[in-house]
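Structures follow.
Next come two complexes built around subunit A: one with subunit B, the other with subunit C.
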Partner chain A sequence: MNLIPGATSATQGLQAEQLRMEVISQNIANARTTRTSSGGPYQRQAVRFSEALGEALSGVDATRGDRQAMPRLEILPDTRPPVRVHQPGHPDADGEGFVSYPAISVHEEMADLVSASRTYEANLAVIRNGRALAQQALSIGRRA
Partner chain B sequence: MTEALFGGINYVAAKKGLDACVERQRASAANIANLETPGYRRVHVPREFQQSLREAVRRQDPASLAGLRPGVAVDGSAVARTPDGNTVNLTDELMALQENGVEHSLHVQLINGRMSRLRAAISGRMS
Partner chain C sequence: MSPISPATPAIVGTEWTRPILPKVANPSVGSDLEGIAASGSPQTYARFGDVLTDLIRQTDQAQRVSGETTGALLAGQNVPVHQAMIAGEEASVSFQLMLEVRNRLLEGYQELMRMQV
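Here is the complex of A and B:
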């Protein structure tokens, strides 16, 4: 039973956006990380919303209710090659004096972060609205 | 026995309207949750439901009114404004959400009004 209409989808949306924000902050934090446990510079992580969802939705029917649309996230490594900077004195410099930095643009990450937090707020608005609907429905028959 | 009390066309129509509001809320929730899903096509409660509801009330036809069920379907008229093929527009969706909330409270008021009139008629007191 679900008292708040749309809460399941909105909760999934909130979780998806939260995970996205976590990945973004991880990218920003590691924008200058030149050495990781696996060797080499940090690899930027990219978030992908599952596309299978759109296909699953083409056959929606009301009986399936909230289960009809859940965004799913996948975290994939970004394939952009590292940026090579000439810094001969750096401890991670190679034989030619170049250091590989992860290909992360902090501006790009910040823009993504703003977009994620905006979507997060929109999902919160859905839950607030759903709660108002439920409260109104509960007021039916109540003496004024 | 209570059919006569709660079987009025307008009362039943208000209940159907409430059902449609809940479905619309679900559709909006799914759309907003999938704001960033590439290729997602927005869903809605088709306009035909509202039209058949109005038609049934106009013709005072309880049978066709009882058979009405609001459903959620893919909105074929929505166009993608971004290259990823997603047809959800956040502003429109939030607007629809607010309008839906107002419509829901309208139906709740109609039902409550009907109930308080019944209560007044039964008890003889305007409480």
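Here is the complex of A and C:
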């Protein structure tokens, strides 16, 4: 029974945006991390939305090709090289006195965060709208 | 408590297949319904009581999914908040549908009882 139209896709969207926010928060928190367990500075994580085909749910056979495209989030390391800052006194400074910081701009992360939060809101709006539609449809049969 | 899959709520599992619908004059709608009726194995109910029982069972299941999801969230398991809220909304709409059907049924019955013999 699929009573709320769009709820399945929107749920996936919410899930993806939530994960994206977690990745962003991890990036912001580690913006100045110079040492990780794998050695070297923290590597910024980027996200990529890819389409995962979910089977359509409401009485439609999946073999007919009616599938719903669901977003799926992949977390990949950012390819930008670390930023080298001259700090000779730093414990992680190399022989020349340079410290490698992760290539993270907090401003960029904040802009991403705004985008993620707005997209989350958009998905919520889809669900709210779907629920309102379902309730209005149910009110067809109501007397008085 | 069974683990809750983050992708799709368990309510989706039991699928109600559409009974065969009469052909509709509108070509686009008609072809769509025909396709749906042809693709799945349409379930025909012998009695209206069976339809009602099935509806009640599905509503009950939606309520249970909602309860389990909310319970898991409150118990501190890794369930997203929106998942619990959406399960609750699905249960609520499904209950409203059941209520509407019940109201119409009762109305029909009362209409019948008012009939002059």
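To be clear about the criterion, the second predicted complex is superposed on the first by the 127 of 144 C-alpha atoms of A that agree within 3 Å, B and C clash if a C-alpha of one lies under 4 Å from a C-alpha of the other, contacts with A are read in each partner's own complex, and residues count from 1 in each chain.
Basically, a residue touches a chain if its C-beta (ideal position, glycine included) is under 8 Å from a C-beta of that chain, and two chains touch if they have at least 3 such contacts.
As the structure is a computational prediction, the values presented were derived from the model and not from experiment.
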{"item": "Subunit B versus subunit C as contact partner of A:Arg131, first or second or both or neither", "value": "second"}
{"item": "Which superposed partner A:Thr119 touches (first subunit B, second subunit C, both, neither)", "value": "first"}
{"item": "Residue contacts with subunit A in the superposition, subunit B compared against subunit C", "value": "B"}
{"item": "Touching partner for A:Leu3 - first (subunit B), second (subunit C), both, neither", "value": "second"}
{"item": "Partner chain in contact with A:Gly141 - subunit B first, subunit C second, else both or neither", "value": "both"}
{"item": "Partner chain(s) touched by A:Gln12 [first = subunit B, second = subunit C, both, neither]", "value": "both"}
{"item": "First (subunit B), second (subunit C), both or neither touched by A:Asn30", "value": "neither"}
{"item": "First, second, both or neither for A:Phe49, with subunit B first and subunit C second", "value": "first"}
{"item": "Subunit B and subunit C contact sites that coincide on subunit A, given as residue numbers", "value": "7-8, 12, 54, 57, 60-61, 70, 141-143"}
{"item": "Touching residues (chain side subunit A, partner subunit C) in the complex", "value": "1-4, 7-8, 11-12, 14-15, 18, 54, 57, 59-61, 63-64, 70, 124, 127, 131, 134-135, 138, 141-143"}
{"item": "Partner subunit A, residues of subunit B touching it in the complex", "value": "18, 21-23, 25-26, 28-41, 43, 69-74, 85, 90, 93-94, 97-98, 100-101, 104-105, 108, 111-112, 115-116, 119, 127"}
{"item": "Residues of subunit A defined as touching subunit B within the complex", "value": "5-10, 12-13, 16, 20, 49-51, 53-54, 57-58, 60-62, 65-66, 68-71, 115, 118-119, 122-123, 125-126, 129-130, 132-133, 136-137, 139-144"}
{"item": "Sites on subunit C touched by subunit A in the complex", "value": "6-9, 11-12, 14-18, 35-36, 39-40, 58, 62, 80, 82-83, 86, 89-90, 93-94, 96-97, 100, 103-104, 107"}
